[in-house]
Amino acid sequence: MQQVRDKVDTGSSVAAAVHEMTYAQALNRALAEELERDPSVIVMGEDVGAYGGVFGVTRDLQARFGPRRVLDTPISETGFLGCAVGAAMCGLRPVVEIMFVDFTLVCMDQIVNQAAKLPFLTGGQVRMPIVFRTQQGARPGTAAQHSQCLEALFAHVPGLRVLAPATPADAYGMLKAAIRSDDPVVYLEHKALYATVGPVRLSEYIVPIGMSNTVRSGSHVTALTYSAMVPVVLSAADALAEDGISVEVIDLRSLAPLDEAAVLESVKRTGHVVVIHEGWRRGGYGAELAGLIQELAFDWLDAPVGRMGARDVPKPFSPVFDSVYLPTKDSVISALRSTLC
Amino acid sequence: MQQVRDKVDTGSSVAAAVHEMTYAQALNRALAEELERDPSVIVMGEDVGAYGGVFGVTRDLQARFGPRRVLDTPISETGFLGCAVGAAMCGLRPVVEIMFVDFTLVCMDQIVNQAAKLPFLTGGQVRMPIVFRTQQGARPGTAAQHSQCLEALFAHVPGLRVLAPATPADAYGMLKAAIRSDDPVVYLEHKALYATVGPVRLSEYIVPIGMSNTVRSGSHVTALTYSAMVPVVLSAADALAEDGISVEVIDLRSLAPLDEAAVLESVKRTGHVVVIHEGWRRGGYGAELAGLIQELAFDWLDAPVGRMGARDVPKPFSPVFDSVYLPTKDSVISALRSTLC
Amino acid sequence: MTATWPADRLVGLYCQMYLVRRFEERCLELSRKGLIPGSIHLCIGQEAAAVGAASALRSDDLTVATYRGHGHVLARGIDPRAAFAEVLGRQTGLCKGRGGSMHLTDMSHGVLPPNSIVGAGLPIATGAALAQLHKGADRVVLCSFGEGTLNQGGAHEALNLAAIWSLPVIFLCENNQYSEMTPAYQMIKGDSFATRVAAYGMPTTKVDGMNVQAVAEAVAQAVTRARNGEGPSYVEADTYRFLGHYQGDPGTSYRPVDEINYWRARDPLLLLAAQLSAEAGMDMRLKAEEESIEVALDTAQQAALDDPLPLRDDVWEGLYAAG
Amino acid sequence: MTATWPADRLVGLYCQMYLVRRFEERCLELSRKGLIPGSIHLCIGQEAAAVGAASALRSDDLTVATYRGHGHVLARGIDPRAAFAEVLGRQTGLCKGRGGSMHLTDMSHGVLPPNSIVGAGLPIATGAALAQLHKGADRVVLCSFGEGTLNQGGAHEALNLAAIWSLPVIFLCENNQYSEMTPAYQMIKGDSFATRVAAYGMPTTKVDGMNVQAVAEAVAQAVTRARNGEGPSYVEADTYRFLGHYQGDPGTSYRPVDEINYWRARDPLLLLAAQLSAEAGMDMRLKAEEESIEVALDTAQQAALDDPLPLRDDVWEGLYAAG
């Protein structure tokens, strides 16, 4: 379904073998390899140790690397995120798991006021190599407090890097990049993707932060998306292709920094663009993209930048609402179509 | 300096007397009148009672209304915001003070996951008449953790109302509207405005939520702004007037909901628009405005929507940076000018 | 604990526990059939805590529960059909299908929104209590949560607020020995959660959470204190969830079989039935009660299954106040 | 407390306290002249806590202080000129003028970023301690904060983490009786902050925070424990800030004059000077020490005032790691 065409592989591909694995397994593999490679990497979070994580991402890591490297924490997000901040300033590279992005709201201070700001306000005396791993997104039957997509909040905050992988390959390659980054990274997984399977080139496959992936080339309209919306948009593009409409689909992958050059190049070529994400539309990440594109590609635009996001309501529980809450293949098709009219 | 031309006064103006007072006094007055009018209104926060608030906004209220209506709290923002949420569902109308907006990051859960969502997820069984009063903004010598403008975060969250008054008159009239609203309101004051003086029409002067204020009419370019940027933009407009450039300045006042009609009417008339705010530019409230305007007024725009915000760094302490950190009269002048070229 | 209560009273509690048990077993079945979307967090094994506590409340008192709140909510006397309808996402559900299993709210029965953010309920309960004081009402607030919740900072802030403002709240900690898959006592030093709470200056009690009368009595004492204006109390009920953290977790990989068996032998329904069965004719009586509950639940469940889904276009409903 | 320490050792502590006192008095003057922008939060009156605690540390140990942290930071031996330069917003400041008074950081002296979010420092200190354990280092972390901070939930989470992981942290609570303008004991029930901390399973001590030797000894004990792998401790120093919460607050409207006078009579510098003055020639010696500190501060202050401001175009510096 998904055509991953990565532009860069910075690692040595000598021993690179391609394996089929799930998104969760790819993350697990990346964690294991980084724990192996660098003794300063530690993993912390609720149920990540003995149990292996509620989504299985940290499975077997504690058994392999011991409880000093893979730490089970109490339900104390402020406590253990702050602990990661302190540890990072003293030479460790913590990878912390916040089980649902919704729970970042109890510990936002440590992400926004501390991790993002301390390197700057100390005049660069400290660096902050932390990965805040979390997962977001709505699924049938998730309710208002377990379903949000908060990338717009994080992408607004200077000092943070914000990544959102869509495939097992990227889950692997981007997590490695995040762990090796000296900046704090908010690493947004998606609950609907953990079980998806795809090819992963192991060993030194790294996806540099700030690099998008054009997952489908096209000439009529550009679709900008990320995370679990990528397959939805790709299937919309497939459908439109049958009608002769050629959609270029860019998986942004890195929301901060944004791969501005790739976005602008595509938009200037097609003159039409729609942003599709699962975060709420009002003030969502699409707003930033629209603001940026209309500013830097004004003369190339044949139509306004289209924005699709979740309805501006808390996620309602009953699955009857799912198709009006989130963009769907059909609604994406009609948005892409209508921007061309 | 500021020409306030309100369009509506919904109250009885029989006994309406106009007084000169500071923004802080206007807020104090509104609180006192609402406490007087409605016994279900309570005020909570750190140092708001006996001391009267670190910015003096709650001065004398405890003496007048007693410690059961005006409560001093421990340094427990999650605790007392949650307390407000519970009280609001049981019939009180809490007005809580979070001393600096930066501290909302320790208690975001109660604002975003609780206050904003509970009315919806209970199927409308509860209402949430809370005002989260806080103040934001950078001043010379404020550092990274006491200077943020986080309106973009709040305006992204469905279920919240977000207000940002710029004048004593609005501070008064909008706070009354906020207290009477049955929805949770994030009420963003500005530390630089507390001492500013202006005329306030007392008694039943209410500024309905969702209504902007065109503080200067113009025909060449629209400047959209709010809070402490209003006087800065007005002075830029004054300067440009001398060069024959006619700037329309709209004080948005209500960020959620937005007075979309007024914004679009003006933009369609001038064809040029610049948004100016103090929040960070990337993913700031201006992004939403730009996204919205380019979508709904695409054919009327002669130039891209301009966006000015704080530099995308934590606020640096040394005042030497102030003029590059925030929009200034000069930088606003040049942005308004350049959008016309 | 005082002397054993009269059989009639205990039978009433038994029936409530049975109702909760069977409601949840039916939910599990519906979930397995794919009829309940999303996660459900069952309190099977912990019914005595919920039912015992609720029995100590007056009908106008308030309850703040959690995602594991079916028991607390049902024990307040809400309509099981509306509860079924809510977990099934129906328009007739308690929250019109907007909330789901984790948020069964019924303001008309004193049931405030249960919370799925660990710890968030405690501050909210203090506010509900503050409102009662403010109105001069003598209603009290029962706030239930798990032991792991005492590791969440906001919970501490709330305990302190309740203490300094002498609020009418009963903090009921259902210590089911685990927080998700993590053993409770691995996450604290020492063996007492109650010490932490006592430090805020409120009385604490520990009770056998498998004994419904014991819970009821301990909570009743706390309710009396609260109603008399003497402030908050903490009651900790030692208990166990028989199943996993949620329906997708068998609950067996991280808990020793011996432990599970030990607690299952202390099933609050079995214990009470055994105690009651000393009385002549009791077995038959309980059987009859169970059957009538079963019938009521059958009806409720079927009605809920037949109930309409919400209308998609009403997706905005409830978000903002009218006007 | 053990016997009185030898005079030389106490003179050393006196000098440090004097340095802190005079550094801050100079800051106050500079602030009044409009040369220091923004707020400064002085620890005048509390010097014994900062200096006593720092004296118990090894030079490679770590300090996590707060916005009221000048004392803690200076007592670690940092360059006063760089401190002056920072509060003045100069490029030569500890943080190149990016941090200011609330964030005087000096990693080369073990001074991690002081925090201006109440409570945020405690979790951060646990992390710094965890990193030491992880590296097999025997460094310890001193984490200072005010009593009001114990009402912030995150602080509790950190105390628990330190306890369960047996981290080498010393939690130093400077109980200066007020949190901003609010009396400390109005915000807790009872009269003990320490009980709360003890509930997490770590030893707690209360000391006279106006007696520098007493603080030094209590902290030294805690340091020994921490260094020996026995885990965290809590030391509470009873003290008082002589001035307001920040330079704009006279500190007199909400505190009784008698109380202020009582504590001012217990000025840690006066107390120590009085004690030392029993020794022959001591008054002269202290005077000489004070003068040399004064000269050093004159030089440092003047140099800082002459130091260049940062370049506006370097506003991005430090935000992200290079590359």
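As written, the chains take the letters A, B, C and D, and residue 1 is the first residue of each chain.
Note that in this section contacts are C-beta pairs under 8 Å (C-beta built on N, C-alpha and C of every residue); 3 or more make two chains touch, one makes a residue touch a chain.
Since the model is a prediction, treat every value here as computed from it, not as a measurement.
Participant: With chain centres defined as mean CA positions, report which chain is farthest from chain B.
Facilitator: Taking each chain's C-alpha mean as its centre, the farthest from chain B is C.
Participant: What pair in A-D, B-D or A-C shares over half of its contact pairs, by residue number, with B-C?
Facilitator: A-D
Participant: Cα centroid separation between chain A and chain B, in whole Å?
Facilitator: 32
Participant: Which whole number of Å gives the spacing of the CA centres of chain A and chain C?
Facilitator: Their C-alpha centroids are separated by 37 Å.
Participant: What whole-number Å value describes the gap between the mean CA coordinates of chain A and chain D?
Facilitator: From the centre of chain A to the centre of chain D is 41 Å.
Participant: Taking the mean of the CA coordinates per chain, how far is chain C from chain D in Å?
Facilitator: 46
Participant: Two or more other chains touching the same residue: where does that happen in chain B?
Facilitator: Answer for chain B, listing residues that touch two or more other chains: 73-74, 76-79, 102-103, 105-106, 109, 113, 120-121, 143-145, 158-159, 311, 313-314, 316-317.
Participant: Any chance you could list the residues of chain C touching two or more other chains?
Facilitator: Each of 93, 95, 97-99, 103, 115, 117, 120, 151-154, 157, 160, 164, 186-188, 319 in chain C touches at least two other chains.
Participant: So in the complex, the part of chain D that touches chain C is made up of which residues?
Facilitator: 151-157, 160, 163-164, 186-190, 192, 195-196, 198-202
Participant: Across the complex, what residues on chain C touch chain B?
Facilitator: Per the touch definition, chain C meets chain B at residues 62, 64, 93-99, 103, 105-107, 112-113, 115, 117, 120, 122-135, 153-154, 157-158, 160-161, 164-165, 317-321.
Participant: How about chain B: which of its residues touch chain C in the complex?
Facilitator: Residues in contact with chain C: 40, 42, 68, 71, 73-74, 76-92, 94, 107, 109-110, 113-114, 118-127, 158-159, 181-183.
Participant: Help me check something: in the complex, which residues belonging to chain B touch chain D?
Facilitator: Touch list, chain B to chain D: 46-47, 50-51, 54, 72-79, 102-103, 105-106, 139-146, 311, 313-314, 316-321, 323-325.
Participant: Quick check on the complex: what are the chain C residues that touch chain A?
Facilitator: Residues 36-39, 89-90, 93, 95, 97-100, 102-103, 115-120, 148-149, 151-154, 179-182, 186-188, 253-254, 309-310, 312-313, 315-316, 319 of chain C touch chain A in their complex.
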